[in-house]
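See structure below.
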Amino acid sequence: MTDRRRINGPPSGTRPAVFASSLKSASGAATERPRRHRQPNELRKIFLKTGLIPSASGSAYLEYEPSASLAAARSSPQSLIPPSSALKLACTVHGPKPLPRSATFSPNLVLTTHVKYAPFAARQRKGHIRDASERDLGVHLETALRGVIVAERWPKSGLDITITILEAEDDRWWGDAPDSHDAPWGMMNVLAGCITAASAAIADARIDCLDLVAGGVAAIVSDDAAAEEGNSSTPKLMLDTDPAEHKSILSACVVAYMPARDEITEIWLKGDHSKASLGVDDSSLGHEALIDGAVNAARGAHTVLVEAVRESAERYAGLSNSDS
Amino acid sequence: MNKEAPLSIAERDFILNALREDVRLDGRAADELRPLKVTFGEEYGHVKVQLGRTSLVTRISAEVTKPHDDRPFDGLFTIAMELTAMGSPAWDNGRQGDLETYVTNVLDRVVRHSNALDTESLCIVKGVSCWSIRADVHITDYDGNLIDAACAGIMAGLQHFRRPDAVVKDGQVIVYGVDERVPVALNITHKPLAVTFHSFDEGKRVILDATRREEQAAEADVVFGLNNAGDVCFMSKFSGSPVDAMVFVNKTSVALDKVKEINAVIDKALQADLAKRAKTGRAEESRAENDR
Amino acid sequence: MASTLPTLAIPGQRLAPVSSYAAGPGTHVQNANIYASIAGPVLVNPASSKTAKSTLSVSRSPLRKAAPAASPSAPKSTAPGPSKPRYNTLPAVDSIVLARVTRVQKRQATVSILVVLDESASNNKSGPQPTTTTTTPTGGSSDNDNIEAILSSAANPENHSNSDELRFQALIRKEDVRAVEKDRVVMDEMFRVGDIVRGTVISLGDQSFYYLTTARNDLGVVMARSEAGNMMFPVSWKEMRDPVTGAAELRKVARPF
Amino acid sequence: MVAPSATLSVLNRADGSASYQCSSTGSNILGSVNAPVELPGRRDALKPEDATIEVFVKPGTAPAGVGERYVEGILKTLLGRVILGREKGYPRRGVVITLAIIGGESVGRGDPYLILLPALLHTALLALLSASVPLSMTFSATVLAVDESGQIRREPSAEDAATAQSVHVLAFSSKGHLLLNESQGSFDFDTWEKVRQRASAICHGTQLVSADGDVAMAEDVDGRPLEGTLRETVEDQVYRDYNWKINAA
Amino acid sequence: MASSAPPPALTLPPSQFARLQPHAYLLAHLSPPAASNQPSLRANGRQPAQFRPTSANTGSLTHTNGSAVVRVGDTTAVCGVRAELLPTSDIASWSVSHASSGAKHRQNTTKNDADADADESQIQDLNLLVPNLSLSTGCAPGFVPGAPPSALAQSLSHQILGLLHSTRLVRAEDLRVWYQVPSFGGDGDMDVDADDEGQKKKNDGKEIKAFWVLYIDIMIISLAGNAFDAAWAAVLAALRDTRLPRAWWDADNEMVVCSETVAEATRLSLRGLPIASSFCVFEADAAAGWRAVIVPDAEEEKKIEEDQRRGMQRRWILADPDGYEEGLSQERVCLVVDREMGKTVIVKMEKNGGWAVDGRELKQLVDIAAERWESLKLILEQC
């Protein structure tokens, strides 16, 4: 298929590079699965800055701290295959602006969300046209934000929230067979990042919100490190999981959480953790534990969010001299 | 938008009343074609068709591509028609309208699906390379009956076109430029053409080769696609008011006559062009020698 | 805790109980407490009467604006005075706006709103604004006042496919042009395409248009170019003149200050 | 040097049209202009006091793509300065220019369209004149290629352009301004100045430059200035159109 | 310029003035009243020939072969280069040679000083470079996210592709994956290859098995005017950062296989360092361009210019325009220059949309572009 509005590559298509190491049997792979060096409840650092895009009414840029393995790979590069990746995204808010002509009268602010991966954001090249997962993310994000915005203060106007993902999280370790656990775990991390960044950008645009909503992820993982040592694998609750670091994620949950009101505006739970609770007979690994974990992760993100928004307010009020 | 300005009631009534008295605005009989002129450009496959005040340019081009995986022995053939504001101010540039979809669909069925062009003959190396033939139709003036005019243009173009000669030598395809080897004509299996009728007064009056105004006043159209031998490869009554089945029966023979008539015009133009080329070709050869 | 107000608030931050303050713009009430709903400096508006409580609000506009990098000399920049807080930057009923005329028809003129001036203030608090104090429209709202943002986006963005969708559209109906001789209004003699008009919002209108009126002395055309393309100056309430050609053109002129 | 040939008002439906052939570059362009027309999708706030110019370039044997959008942009910018879109009857209406490449080679992917550009510009101008669209000035354009030895070649073929060191398209207004320059390749400023001089001579003749021996020589090389050719085409058409009036007088 | 001064007695804060009368606002900055003793500066505080502060940063994106973030003022371009393989067996025209051109073209494919590479056109013929620029990122209001590329995005993509081709920045040799056909005869593969012996595509038993295709995607994250300069700088920086893994033909698996070892990967050896500088022309007379007055012809123009040089300036050529300035000017100039052996070489020179810029002005702009080349070179080399 040729796209008349874009520059097309060779008509026959191209193939991603195949590395010699991945052709050999997996056991002989020289590289190992990256390990989680953080405590189960330790979050990655988040870099969040607002107001980098002056033509937008509000904007935010968010970056996750690279995992230990990625940081090591960056500082002394050995392999061309990155062990994992760290979320990087830019969010802009345009509006409030007039609704399109075709729209009907709305007494409230009409929210539109767009999430798009850059073609180079993931291990597999992404297409230029939004795919189902990107649309999905947009819908999740919209639900997360709709409950936060005081929409009735902005009659007959629209707010466009656009997120460009420059680097996404992996869904699994690259060395794992594609079907070993192919739920899009990485997408959940991406959503959490989208929520936090969008929240900062909306605050930067000075759209009335009930609270700063933050995204957080928790997962129940089957700890393979322990399994290798011969212990029976004990499912564990981990916050802010990097899917590349775990062989088997049983279930994961992402929430959009408002700490001031202790309310959740969006929850997305995936996977099967019945096995987890059955196997260990530990009820603490149920739904609630998972959600609580995600909420805790969101609380962590919220502290970063507060700083970023405070900085935005200071810059705006002219209290600080820091330029953008 | 993509809509012509509608006829006024007076205009419509005038056309209809005249038709009821067997008179058409341009004085033609009901089954008469407008004057058809087919001319060829310098390049192979460059055709200009003038049908009354409808005119178009067809260009045929060829390139080497990879055949579809499921049809490794077949070459490719595509018909591309895009209506631009050149043909009619009512057409928007770069936006596809209903008419464009409809006409392209009919052309596809009459010419491509009837296998007028033998796509197997376009295969060069099985599954690796084949010719892709493309027919571009540029509507330059629109005054009704796009389908018949475009169909004549495409068929004339296919017959006029010469693709570069290609030789397979040890798995290696060598394409010879037009100036190096005599280029090859396409393999045309038969010459189907479309003939369009428009009906008025609930199918009581049927006319051939309607002008734009007649099209706008018409109630329905009937399209026949058939070749010189009278084989019908397409027949459609797409929309509009019902037409008596006898119209199909009666008009098929009229359509056959018209197909023969149009094909004769094309043949004549082809021959004339061939003769002209033979002359200039010789002249050019001698000139080329002089140059050296 | 309730007694000490932060200087700067962020959305979701609890400011004070409703028992001690009234909730103003930029805040919302939840469980008998006032929370901030936008990020910005916290303001206390003293009560207008003794019985009422002071109003607590979070300012949408900067307290003091950092001077733009290059302070323009020729444009008469007035130092922004203290601005009254508003709920948001949208045109509301009674807002005074500056708009560009984009189309003049027999019964109405279409304009696109460029600037929402601030002085109309919070309509639900202080009632109609005395019109005599509008001499120096100052302050401004967040979106309107950010020079950096204005400079980064195109001023005349014809490249952009739908930039006009970024501005709110409004109508001035024939009967809303002036207060007197309403029936003798000829729209062509009131506005021309490209004029800058000061008007006030009379209704939020339908899904696509706000409704404006210019039926006041201080409302009407404030800037216009002549047919020859020169900036004109007002000579009467219905006429402007080209300083170069000397030709006069008819307009519904706003009273100059 | 074979002069390009052009015909005006070749089509029935369009308000104005022109067909243009340039044998040396092998281009054959058909252009139509519809103006002023109502544009349905148009919005009020967008340039309400001016006409909207739309240019559509349709390649002969390929679907239009990114390259066409680019060349449309060039044409639109230039024509936008020449068309008086604020004359009565034009504001908030459209001037729709459609240019179909009906002869010659197709332009490849990523190719800059330079060789075809003068032909497209001339066709558009003639079609605008044929549609009686008000213009502030007319223009003429040419394409020149500089080869490795520094030789300037007028209206090169596609192959010549591909092997050239640099290719330049220049357009001059009827009043002598440089309206457009599109140069690419690798060259220095002195080369460009020579190219500019030559191009000016091609478009306007050398009378302007000086009255010495150079004039005769340049005339020899470049034949009649392009501007004159274009003017003649239009004058012929005017004579034909107003034949009844002229004869009656 | 009394005519374009703001109407008397109406006082407006600068932000409103900028919005209502953008042209007069910029003019007031560029030609301040003589009495005020202020320098002529642009509304953004820059000198007419001053570029915005520029920064570049490379290699920060994990899933790319090369990447760069370039900020030119408030315009931010992110470019990621992704290399994928195109096996020659997938190329329909690979086994096709054109009798006429074949003799000329395909001969010396093993030559390494690729400046003389006769097959350089492979990059263009086989679509090996695929740049696409996206503005649908929320970079500025007015670009609908999720919409197909606007005309602006399309023409920027095309300009980048055109410039990549015309500067021959990337060498075709860098993109080829060669295979040395074993010289011992006898096995089945060999028969086919032996048949090919007479071809020009291979030399000394060497044969191209695949090409690297570079997908060059540019996301304009923030747009505040002059997207082209930033996008091109990002492409250049990303290509300079690009590393291609060592790749070879694995005869057993019948596919191209790559080495993941960083030490074995090679950087692209680019030809030159072409750098873009864009300008726009701001006319003091807001109505120049449309007022139906007679446009002076070129000779008269020169006289007026001479007269006015002493008095009021009529127009300004602004380097690296921001979005506001772009919206206020019609005439644009884009220059791409490089340095070869101390000499400035112009690679691309475009001017359109007006008649203010001619030879004299272009000459000055070439000098400014050459200065810009020096400063951007330093920035690109440091990142």
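Letters A, B, C, D and E mark the chains as written, and numbering starts fresh at 1 in each.
The rule is simple: a contact is a pair of C-beta atoms (placed from the backbone, for glycine too) under 8 Å apart; a residue touches a chain by one contact, two chains touch by 3 or more.
If you're wondering where the values come from, they're calculated on a predicted model, not measured in any experiment.
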{"item": "Fewest hops from chain B to chain E - one hop per pair of touching chains", "value": "1"}
{"item": "Shared interface partners, meaning chains that touch chain A and chain B", "value": "D, E"}
{"item": "Between C-E and A-D, the pair with more C-beta contacts", "value": "C-E"}
{"item": "Chain located farthest away, centre of chain C as origin (C-alpha)", "value": "B"}
{"item": "Innermost chain by mean C-alpha position", "value": "E"}
{"item": "Chain located farthest away, centre of chain D as origin (C-alpha)", "value": "A"}
{"item": "Whole-Å gap between the CA centroids of chain C and chain D", "value": "47"}
{"item": "Rounded Å distance, chain B centre to chain C centre (Cα mean)", "value": "61"}
{"item": "Between chain E and chain D, distance of the C-alpha-averaged centres to the nearest whole Å", "value": "26"}
{"item": "Distance between chain centroids, defined by C-alpha means - chain A, chain C (Å)", "value": "39"}
{"item": "Shared interface positions of chain A, touching two or more other chains", "value": "5-8, 11-12, 54-56, 94, 97, 101"}
{"item": "Sites on chain C at which at least two other chains make contact", "value": "100, 146, 148, 152-153, 158, 162-163, 165-167, 169"}
{"item": "Shared interface positions of chain B, touching two or more other chains", "value": "65-66"}
{"item": "Interchain contacts (touch definition) - all pairs", "value": "A-B, A-C, A-D, A-E, B-D, B-E, C-D, C-E, D-E"}
{"item": "Footprint of chain E on chain C - complex, ascending", "value": "68-78, 80, 98, 100, 114-115, 117, 136-140, 144-148, 150-163, 165-166, 196, 222-223, 225, 228-234, 243-244, 256-257"}
{"item": "Chain B-touching residues of chain E, taken from the complex the two chains share", "value": "90-93, 95-100, 102, 192, 195-196, 198-199"}
{"item": "In the complex with chain D, residue positions of chain E that touch it", "value": "124, 127, 151, 154-155, 157-159, 161-167, 289-290, 292, 295-299, 301, 330-332, 338, 343-355, 357-359, 362-363, 366"}
{"item": "Residues of chain D that touch chain E when the two form their complex", "value": "50, 66-67, 69-70, 72-74, 77-78, 80-81, 84-87, 108-112, 136-137, 173, 175-189, 192-193, 196"}
{"item": "Complex contact set, residues of chain B against chain E", "value": "64-66, 124-125, 128-130, 166, 170-177, 179-181"}
